[in-house]
Structure formats: structure tokens, C-alpha cells
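In order of appearance the chains are A, B, C and D, and numbering begins at 1 in each one.
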Amino acid sequence: MTATPLLKVTDLAIEFSTPQGRVRAVDGISFDVYENETLGIVGESGCGKTVTGLSLLGLIPSPPGRIAAGSIELAGRNLAKLDEAAMREVRGGEISMIFQEPMTALNPVFTVASQMTDVIIRHKGLTRAQARREAIDMLGKVGIPAPARRLDDYPHQMSGGMRQRVMIAMALACGPKLLVADEPTTALDVTTQAQVIELIGQLQREFRMAVILITHDLGVVAETCQRALVMYCGRIAEQAQIEPLFRSPRHPYTHGLLDSIPRIRDQRLTQLPTIAGRVPDLLNLPPGCRFADRCTRAQEDCRTAEPELTQAGQSAFACYHPIGHQPAEPVA
Amino acid sequence: MSEAAPLLQVDGLRKYFPVRGGLFRRVVAQVRAVDDVTLQLRRGQTFGLVGESGCGKSTLGRSIIRLQEPTGGRVLLDGTDITRLGRQALLPYRRRMQMIFQDPYASLSPRRTVAQTLREPLDIHQIGTPKEREHQVSQLLDVVGMSARVLNRYPHEFSGGQRQRIGIARALSLKPDLIVADEPVSALDVSVQSQILNLIADLQREHGIAFLFIAHDLAVIQHVSDVVGVMYLGKLVEVADATALYSSPKHPYTRALMSAIPQPEPGSGRQRIMLEGDVPSPMNPPSGCPFHTRCPDAMAKCAELTPQFTNLGSERSPHAVSCHLYGHDS
Amino acid sequence: MNAQPPASDTIAAPPERRESLWTKAAYKFRRDRVGVWSLAVVLVYMAIALGVVFGWWATSWAELEGGKWEPPSAEHWFGTNIIGQDIFDRAIYSTRTSFEVGLVVAILATALGAVLGALAGFFSGSWTDEIILWFMGVLDSIPFILFVAAIAYSLGDTPYAMHVAMISTFWITAGRLVRGEVIKLRGQEYVEAAHAIGVPELTIIFRHVLPNTSHILLVQATITFVAAIKSEVILSFLGIGVKDGMSWGLMIAESTQEVLAGFFNNFLAASVLLFGLVMAFNLFSDALQDALDPRTVAES
Amino acid sequence: MELLQFSVRKLIAGVPLVIGVTLISFLLMVYFGPDKTFDLLGKNPTAEQIAEVREQLGYNKPFLVRYGEYVRELVTFNFGASESTGEPVTSLLARTIPVSVALALPGFILGNLLGVALGLLAAYYRGGLADKFIMGSAAIGMSISFLIVIIAFQIIFSSSFGLNLFPVRGWDVNSIGDYVSYVTVPTLATVFVALGYNTRFYRSVIVEEMSRDHVRTARAFGVPPAPLFYKLILKNALIPIITRIMFSIPVIIISGSLLLEQYFGIPGVGKATYDAIVTGDQPVLKAVVALTAILLVIVQLLTDILYRAVDPRVSLK
């Protein structure tokens, strides 16, 4: 890992205007992504993880959404300030994205060949014949059998797993520095999901690119990422390397989340651990810590001021009363 | 009712969907969604049914409670074959089997209040006086952990987890003996999932309701099930007590399915069994063992002979596997 | 963070915003200024029409009160027509005709479309559906004006031939929309739940399915209303519309001779009033559709 | 071969529709249509005379027999001559249909082309000023009755009170110049009225397509707006566009623009049919009905073939 991050997100805030008022779906988050690493962004629905991913490519639907504050620096360039034309060069070139729904993410009335070569021609300036060869090459790399023949198929002639492979091939065709994968396996079956996870990991190592994996599934994160951030209600609750994050979570939310995942155990439990209550409404946030109402460790101070993300030991977390023995380092 | 007689006995149940085509919309093919499934469920027991999408598990659940008309086979509820009952004759049996659905946003009628939704079953089956029904509705909400103050609200005012609780209350309203739960937690966030799973496990213990619990997630199934059945391409391939199945899965498909679940334990260093390719189309299932096209242990005869069930467990705790690896003749 | 006993996560009702789908739509509608204004204009027209019904004004629309083609004056605001009838009175009286045609056709056509569409959708793939679809296809295939003309002539001199003709063609759009929506809805799990409880099929259709298409029906009714009053004008002009009474279409028919002679009052009075009502109703219909759009209602 | 099989299947599948159309038209235009008994008899006929004429006209035969005869005449294209003018029906149609098509076609093409263009423009600037302007104009255009537009345009373009550029009415076409002078005002009126509806329809179709997942994918791969709209989105939107255009074709050919023909006194098929309905001219009506049915089936077939050409998911099987 190099010292300078490939992507540096600072104090990013994303706002949506709704009939009831403005809502901050993402509220001041900062994180770095380094070359050749996989960063997981985990959280439950509505925590802002998908919006964060979209913002990196300038794809926030606008209106109603907009980047309200903060910067997104890719190799020193602030993407949040780029105009639309310059941003188009970045999309699919330096940063690629793959999505959750492989069934609908490809254009149904164009062949895979047409969709892939268009991207390659646009970003690499090759001839159609060259682009076609590259596309066949990429399809082979993502494990599509007989790629030269499948290239001229339409998306509906392929299974969900195959389409997701095509998406990945398209995303990697121009050698991006960063791949944003938004729930790439959620819509797939368990056995297909395993194949795709394996594939993304293998390609990440092969291309030495950075990957941001957005998912609600902590299992997927544990198996693919080196580092992860846990989001709750538009904020980062905890950020750490995978080992400490899963072995000794500091934020009560991370802990609760890890605890409540159904997993195959040696013994059937009578009660699964749960997190009581539900996620607060973004229009109606509590004054202090956003997790306080559901937290068993919450105290008075949690309900008055919001905790900042603080580095302590191996983890960074936003909590006044973290779990674990290490005393928190003094807050700056 | 004798101890031995099962509450639910499913015998060779089949559900084929015709594929029509051509000029006069003739049947040109059959999708074999459920193909010759046999299973039993005792009173108060939970049968966990697991499989990937398209394996026919939802269709099986719906065919059992006659939300879909089975193509063949029998479903016996307390010894009565309900597959051929007419609407009126079926009504008393409807009362005894209910369903919990997957999508909490689609399972409640959006223009009807909680009270209307929960009262409807009581009205249809004319249970108690209108006054008693009102009382019963409040009680139902209490059972699923909700306050009676929400009675006059509409579904869209609730979160996914709350709606799922209302759906469960509706299923409980007729005091059924059997509930088919079709992926009841897969649309929910993790933290809410476990709340609902706990609720279902509690209800099962307290009310002695038998559940057919359908899910694609083996981990979810484990928490609620006494017996687990694994389905692949419309057929059951392995059925066993939960403990036996999770401690020593036999069928290669079950083993692959178990190893494919991403575990939230970094560096667990498990050996993953990676299946090749995709599930074949149920319109045109492979010959012999349906799994042979993707099976890491496939042998020559797997493509030709359909395997029969072999009991690898004891008489009291059977462990049935349909695989040539364990056949008597192998 | 330990396991909670289930009793403690008893869920309190959400404290914020108690709204039904309709109040939410009403809230959105009130924020739409164009929608509110257009509704106001429609209401003014409606008041005018009611006044005619109750005999408050425009009672002397048929009387000969002046000379031929008198210019506007204090007595005859819009002047008089070729035989000396008051144009203002006639235009006002015609508002009632428009509302009568619009309401009758919109309500009946939408209701017919709702019932047949719901039946076709709910039993889609069955013979019921095939027959209803066939009927829709056939009626759709016959050019509208010719169809109306044929009905008008086969029904003879009944004043309602035009209404019958419009209803028998306009229900199809509502029917198709409802059918499509019902096909979507009948696969919904709450419909399955109703089946599982043992609710009879017709009850399911009318209690669980059809109410969930009411937003479509309401918007479709407003669209049909506009289509009906616009068709009335054309049919009356062709001589197969309003038989007795007065309507903007008849006024325009009258005016076709006049305009070439340079007399525009009849034409302008009818056109402007017709345009105002249709425009207001169109805008109202749009605003209503936006307010009722489930895609935006479902959000947040 | 596949195409041929498909066409045959499709034509056979069109039979119920043909039956429907003929049945309805028979019911309305013949069975319950104008009674010609008294047209053929003089004043004060006797009861026997009435019975005799009714016998000749076949009014006393059972419903199915009469319908059967009606269909047989349709199938054999045995229409005869118009009862009002004595002109053979085939020559009547050959004379009037081209006029109707020539009258309606320019407006139809322009209305749809402009509609698609404005729809794209409005969708592209969705929520912006251009969108509001276009859609506002469309709302106004949709609110003006066709009849009012025709009259107003006639006053503006053809009368001495306006520009007085074109003939007031009629259809005396012997050259391109004549054609242009007679067709301009009707075309302008058609475009004016159709544009509002078309623009709205095409905009909503395109906006619908814009919200699809694959459009987001394309944007995520840096596709610029121009190819995104004119290639990726438009091709997906073609199915509803084709449907709308194709199914207007029979209406144009059969009823033409009845209102235009009536108002401008243009001898098109719409006016001829209308007159036939009014006078109960059975031979003409039969021919028009037969033509409607044939056109419908052909249009449906062509539409399906076009669907196949733009959407690979549609199968001809």
C-alpha cells in the first residue's frame, strides 16, 4: 500500500430535497482508498452507502440530489468540481461502476458486443475491430465460455450470473484505477454469488486496482475486503481493517450488526441477538448520536452531542462509550 | 389424533406450468417447478425448506396450501386429501393453514387499515361476535409485539419489520395448525431480520404451530427449523434433522450451498466448493440426477439414473439423501 | 449489546406524520399552484352550469331578443346571432350541456372500464379475459366518428345516442389501464393472502384489487371528461351530437357561415369558453395525476 | 421462412378480430341501420307492397342468415355500385382514398416527426425552462378543439379577413402547386392539433426509458448525452412509438380526416363513408368495412414484424 491514497473523500455531504424538506443522505464522511486494495462500505438500507458510491462518479440524480459539501479527490483531482464533460472521461475510464441488478443493467436492445465496444472505443480510441478483440479478451478473463460467440448475444440470452460477468468485463475493459461495486452479488443466487465474489477478488489482484465494495452483507465484506467502513444513517460509525473490525468491533452498532447476522452455528440458539428499535427518520434525527435510541450503552452525553469519528488503536469509530478495553485516545 | 400421524403429509406432489406457444396456444413445454416431492410435517414442528431461486420452493409452499393448484400428487392435512376439495369444502381447511409472505411492502393491502386487514379473516370465517373480533384483533397485535394504538393506520405508515409483524398477526388470526412462511425475512435489514426470526421461533414454541419455513439462506433456516429439506430443480435432494444436516451434510449440493455462504469471519480459511455454471432450466431439466451437470462428484451413471432416496440416519432420526454416492448399489 | 427480550421491542406507533394516501396526495396537490388555480376555474364553470340547471340565469337563450348580428352592448354582452338570439346566454347555457355530457360519459365510461378491466385483468388468460379483450380490440378498430355516426343513426332520434356512442368507445382506455394494473396487483402478496384466508374471488376483486386502482380511475375520469366535451363539439358540428338544447358545438356550427361574412362573435364566445374549460380541466388532470402518482407518494 | 410462417399464423389469428368488426358493423349499419323500405316505395304503400319490398331487401330473414350473406358479400368483394350515385364502389374508393391519404399524410408525418423531436427535447431538458415551455404549449394545443383550429386557420390563412393566401375550400388538384395550395391549411391545422398530444406522449415514453437501470449504466460508462438519447434511449422507446404510428394508419386510410374533408369540402373517403352512413348506402359501407378489417390485420402483422426488428426479445415464434 502506498502512502498517498488513490481516492481521498473529505467531509462529503449529499443532500436531497423532498417535499418534506432537505435531507442529508450522507452527512460529512471522509475516507481514503489506496491502490490495490478492496474497501468495503457496509450498512443497512438507507444508510447512504449507495449514494456515496454514485457520488464518486457524479451520478447522483440531480435534481433532487446534489453534493452539498466536501471533496472527492482522485489522484489529486477534485471530482466534485469537475464539469459534466470532464466527468464523462472519468466514468468508465478511471472509475468504473457495477450495479446490483444484472437483469436490467444492460441495454436490452443492443448486443453485448455493441455495448462493450462502444465503451472501449470511447475511452481508448481504438477501431471497432480492435475494440472487438479487446472485448472478447475481457469476456474470456471474466470466465465466459466461448466469448467470441457470446459477444454477439443480447443480454436476455444470458443468465443473471453471466450478465454480471459481462458488466464486470465492461467495467474493467478500460483498465480503471478504481472499481465501485454496488451490491454486485445481492441479486444473485448463493452459488453464483460465490463465483462472482471470487472473480472480483481475482481480477482486483490481477489488475492491481482499487475496489470499493458496497454491500449490506458482512459476510461478503469479510471474504473480500482488506478494510471496511460501517455506515449508519449517513455517517461513518466505524472504520477499520477487517481483522479488528470483525474480531473486536468498537462501535456498538458494528457489534450489534455482527451479532445479529444469521450464521450457521454449532448450536441452535433460542434467541438471536437483535438490535432493538429501528433506524431513525433522516428528516427527524435525534440531537446526539444517531444510534443512541437503539444503543444499550447510551448515556446522557450520547443524546446531547454527536460523537466525531476518532482513531483509537486499530479502529476509528464515532462513539463516546465504545466496546473494548483500550481506553480511547484523547479527543483532539 | 395419534402421535404418529403427521399433521401434513405431502405425497409425490407435482406442479408443472405449461408453456404455451404456436397458433392455438398449445402447450409446447412444461416447466417442472415442483417435481415429485414427498415430505411430512408433525404438529408443532418446523420444516425448513432451502434452495436457490427458481428451485420451486415457493411453488411447493403455495401448492401445499392450494394457492396454486397442484398438477399431481396429494396433500393430506390431518389425513384428509385437500388437493381436490372444492372452494366450499376447502374453506374449513383454509382456516387451518395460513401463510406469511416475503415482501412486507406487497403483503398488506395498501388501502386498508391494520384493523380491517386483521379483521377480515375473522369475518370470513365468522369467528366470535363482532365485539369479540374487535378484542381479538387488539390481542393479535399484542402477540406480535405491537401496540393496539396502530389499529387505524395504513400499511405505508409502518417500517418493513412492523409490516412483517402485521402480516404474521394476520396469519395467526385464525389460529392455524400450519403456517407456510415464504422467505419471511429476506427482504428485511439484518438487524430487523433477527427480531422477526425470534418472533417466529417464540410463536412456534408458545402456540405449537407447525411451520413450513422457506428460505434461500441456510443460516436463517437453522435458527428456526427442526427438520431441513434441500431443494434443487423442483426436487428434494436431502432431508434430515437440522442437527444432522448442519453437522454432516451429505448431498454434494447441500455441501456446496453451505460452503458458498459468505461467513462474517475473516480468515476463516474455509475450503469453498465452487460450483460451475448456472442452474439448468426447469423447462428442460437434465436427465438422471438433476444436479449432475454441476456436481463436483458426478459419475457416469448420474447422467442416466435418477437417484432414489437412501436413509443414512436412524429409524428415529432419518437422514434421507437422493444421490448415487450413497446408493445401495454403489 | 445483548439480546433483547421481545417484549421490550414492542413497537410504538411512528410519532411523525399521520397521513393516508389521499391526504398525502391532497397535500401535494395543494402545493401545485397551477393545479389549484385550474381547479378553481373548473369550479367556476361548474357553478355556472349549476346556475343554469337551477334556472338562475341564461333562461332566455332560445328567445329572439334582438336584430340580426347586433354588436355587443349592455343588453347583449356578446351581441346577437343571425336570428337575434343573445349569444352570451347561449354560451352560458352551453356550459351546462358540456358538464352534463362530460360527467355522464366520464362516470359511466370509467365505471364500465373499471369493472370490465378488473374482471379481464383478474382472470387474465381465461375466456373472460379473451372475450373482453376481443371486444376492446374490435371497438378500438372502428374509427371513432364513423362509429358514433353509425350508432347515432341506428339509435334513431334518441337524445342519448351520442352519450351511448362515447361511453361504448371511451371505456376501453380505462379498461385497458385497469386491466394492466390489476394484472400487476393480482400477483401481489396481499391478494394471495386474501385467497389464503378464503375470501371469495369477487370480494377480492372489489375489496382488495379495484380500490388500489382508484388513483388511475380518477385521473382517467378527468381525461375522459375532457375527451367527451371535445367530442361533443365535433359531433354536434357534424349534426350527430346534441339534438335539442344548445351547445358550444352547435354555436360553432352556426358560426361557420358567419365567420366568412366577418361576424365572429358566435365563434369567439363558444371557442373561448370551451378552451377555458378544457385547458383548466387538462391542467387539473395533470396536477391530479402528479399528486396521485404512487411513485412519488410511496417515497419517504 | 420463419417470417412466412409467422405471417400465416398471424393472419389466421386475426380472424376473430375480422369477425368482430364485421359483426359490429353489420349490427349497426345493416341490422339496426336505416330502413330502406319506404325509400323504395311511393307514397301510401299498401301492406302487401311493404311486405314484398321487405322480402326483397331480406329484412324478414333471420339474423344469422342476413349476417352470413353480408359476410359472403364481403369475402367475395362483391360490392356493386353505390345506391346514391350509381358509381361502382371500387371506383369510388379508388377515387377517394388517394385524396384522403394525400390530405392526411403530410400532417401525420410532420406531426409525428415534430412530436418525437419536441418530446426528446423536453425530456432532455426535463424540469428545465425548455421543458416547461414545450409542455406548456402542448397543454394549450391539446385544449383547443380541432374544429376551432380549422375555422381559425381558415379565417387566418384563407379569408379576406386574414392573409388570404390559400383557397377557402375544395380540392381541385392538377399539379404540385395546386396540391400545396389545397393541402397547406389542413396540414397546418392537423399538425397544430396533433403536436400537443404527440409531444406529450413521446416525452412520457422517453422519460420512462430514461429512468431505466441500463441508462444509469450507460451514464456510468461515460456515454455523452447525444448518443445516449438518439441511440440508446430512442431505440428502446421505439416499441410504443411504432405502436402509436402503425395503429393510426387504418384510421387515416378509412376515415381520413372526416372533419377536414367535411369542412373543406374535400372528396375523400371519410366524407364518402360518412355520407354512406347517413344515407344507408350499403354497398359503400360494406366495402369500407371489408377494407377496415383487411387493413387491421395487415397493420397488426406489420407492427409485429417491426417489433421484431427493433427489439431482439420479441420472438416471431
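The definition used in the following text is that contacts are C-beta pairs under 8 Å (C-beta built on N, C-alpha and C of every residue); 3 or more make two chains touch, one makes a residue touch a chain.
Since this is a predicted model, take the numbers as computed values, not measurements.
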Query = Where are there more C-beta contacts: A-D or B-C?
reply = B-C
Ask   = Going by CA means, which chain is nearest the middle of everything shown?
value = C
Ask   = If you average the CA atoms of subunit B and of subunit D, how many Å lie between those two points?
value = 54
Query = Taking each chain's centre as the mean of its CA atoms, how far is subunit A from subunit C in angstrom?
reply = 49
Note = Touching two or more other chains in subunit C are residues 9, 11, 14, 17
Remark   = Among subunit B residues, those touching two or more other chains are 159, 161-162, 195, 198
Inquiry  = Please output the residues of subunit B touching subunit C within their complex, sorted ascending.
reply    = 62, 65, 67, 87, 90-91, 94-95, 97-99, 101-103, 106-112, 120-121, 124-125, 145-147, 149-150, 153-154, 156-159, 161-162, 165, 167, 170, 174, 195, 198-199, 202
Query = Can you list the subunit A residues touching subunit B in their complex?
reply = 44-45, 159-162, 189-195, 197-198, 216-223, 242-243, 246-247, 256-258, 260-265, 268-276, 278-279
Key: Footprint of subunit A on subunit B - complex, ascending   = 52-53, 159, 161-162, 189-195, 197-198, 201, 216-220, 222-223, 242-243, 246, 256-268, 272, 274-275, 278-279
Ask   = Along subunit D, where are the residues that touch subunit A in the complex?
value = 127, 212-214, 216-224, 227, 232, 235-236, 310-313
Inquiry  = If we count contacts the way the header does, which residues on subunit C are in touch with subunit D in the complex?
reply    = 134-135, 137-139, 141-147, 149-151, 153-155, 230, 233-234, 237-238, 249, 252, 255-256, 259-260, 262, 264, 267, 271, 274-275, 278-279, 282-283, 286
